[in-house]
Amino acid sequence: MDRLFYLADLFGVAVFAITGALMAGRKSMDLFGVLVIAIVTALGGGTLRDLILDNHPVSWIRNDTYIWVASLAAVGTVLWVRMTQPIHERGLLIADAFGLAVFTVIGTEVALQHNMPHSTALIMGVMTGVAGGVMRDVICNEIPLIFQKEIYATACLLGSLVFIGMRELGTPHWLDTGVAMLCVLLARLAAIRWHLALPRFHLLNRD
Amino acid sequence: MDRLFYLADLFGVAVFAITGALMAGRKSMDLFGVLVIAIVTALGGGTLRDLILDNHPVSWIRNDTYIWVASLAAVGTVLWVRMTQPIHERGLLIADAFGLAVFTVIGTEVALQHNMPHSTALIMGVMTGVAGGVMRDVICNEIPLIFQKEIYATACLLGSLVFIGMRELGTPHWLDTGVAMLCVLLARLAAIRWHLALPRFHLLNRD
Amino acid sequence: MDRLFYLADLFGVAVFAITGALMAGRKSMDLFGVLVIAIVTALGGGTLRDLILDNHPVSWIRNDTYIWVASLAAVGTVLWVRMTQPIHERGLLIADAFGLAVFTVIGTEVALQHNMPHSTALIMGVMTGVAGGVMRDVICNEIPLIFQKEIYATACLLGSLVFIGMRELGTPHWLDTGVAMLCVLLARLAAIRWHLALPRFHLLNRD
């Protein structure tokens, strides 16, 4: 079970790295830039969480599998596009939703293991899911898309809430993990399918 | 006295969160983006200071009052604007100056408690005051305003200097806190009133 | 020998601060903005490395020489340009390559001292060399140049690799440090001289 979850985590790292590599390509970055953006997207959220929780060593510095998976995913993306293969947008979105689900559950769980209050565990779940993507967008000089388009972080919030609630009820580990991941996944897929979005806050710029 | 200062700190968190929510509105972000920008603006400076000083646990992760105050201030701002209430710009600037004063004193004090050299305490005072606003501007894809307009960070520098100097002289705690906050407040209000600004450094772009 | 290396480190801090101050000037920032960008460029990479490795205290908070050197370099740059002295672009690029070499070796060594795996030491070497410049560009609202132009981070990667390899072979400290720095320096100078660049990854934006 733990082994399965570790593989799911690595899958999430690979998918997030691919989205980072694609964004770097849209900015015409060189190979090194592609690697950096891919690694930041894949590992940035978890790193920020570990720093704030003082959870050392940071996950990837002792186990270099994470860096290798992110790097290979980035290089693979470049080769794939070079061979003029089309990118299966829908497949990527679904894979990304799955990665988001894994990261959210991990983030929430790490915070609970540090005996954090529920509100902090919630924030850590969302942060682990979305902060890497925000860093990717900020470095690439874009206003983070997740603050403007379909429901994304809200799916993390939901999954994190469900996970915390089930933990309180004392359900078995495989069950709360599975149900929370399913919530993130379904919320995200529904948002993509029906273009669900949060209301936006428009304020005229008076400068 | 400590209780009074804690309330002042929460007031600063609320005001900074409001400035974050307004900036998010200018970028037409959704409700979640508004929350994130508000929280980053309010708590980003103190978090960065705590990470660099290795001052764990980071202030807000054990006491969720901070997150709640920032979130409620953000939601309140959206509701206020939705009800087409005007924003009292001048009132907000004055409240922001007060928050800046509180944050500067807290940042300087935390560094002194860690036996840092005066230069580091000065930097931590300024960082606590301004880094949240810089993060807000960077995420929103703006060049930080505080590096270009009226005196802002310089007010923090002054207040932090005064605080350190009075501490060295051994004045009572309420006195050095009060005088340092007053310095930040007056410097900032004077800058707003008479448009005081530091000289700017213009360099032609030769790219 | 250690003393010599410490001086080389301070030289690197000064050069990176100058590149930060010049970028701030291109964005017409005020004096305070110039100071912040200079300090972030000079000390940002090492600070991020220390935070991720949990290597406290962060180098500059106990020894204020770093802050002073960066600040004086920034103020000196402004005065130099104000007196309408030309900036010797080529000289600055060479000095920057030297600073990059010092930072890369320091970063790799700190990671090895913490018994990190080689892949992590490599990343810390590159991060110490380039992260400050990336932060400078992100705050100044530019897509990081090092991801788009001549070989830069790749020179760090090479130097870091050579350093780790020689360490494994057990060469004396002055030799591995010297050779690794020379590799960074030569790779960077060759890149500038012959405009060597990594292939770029172009992806059409379909938004």
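Just so it is clear, A, B and C label the chains in written order, and each chain counts residues from 1 on its own.
Assume contacts are C-beta pairs under 8 Å (C-beta built on N, C-alpha and C of every residue); 3 or more make two chains touch, one makes a residue touch a chain.
For each chain, UniProt lists the protein as follows: A, B, C = Glycine transporter domain-containing protein.
Quick caveat: nothing in here was measured; it's all calculated off a predicted structure.
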| item | value |
| --- | --- |
| Rigid-body rotation angle, chain C and chain A, from Cα fit (steps of 5°) | 120 |
| Interface residue overlap between copies chain B and chain C, same or different (over half shared) | different |
| Centre-of-Cα separation between chain C and chain B, whole angstrom | 29 |
| Overlap residues in chain C, where contacts from two or more other chains coincide | 51, 138, 141 |
| Touching residues (chain side chain C, partner chain A) in the complex | 51-54, 116-117, 119-120, 123, 134, 138, 141-144, 146-148, 152-154, 157, 197-205 |
| Chain C partner contacts - residues on chain A that touch it in the complex | 21-22, 24-34, 36-37, 47, 51, 56-58, 60-62, 64, 67-68, 78, 81, 138-141 |
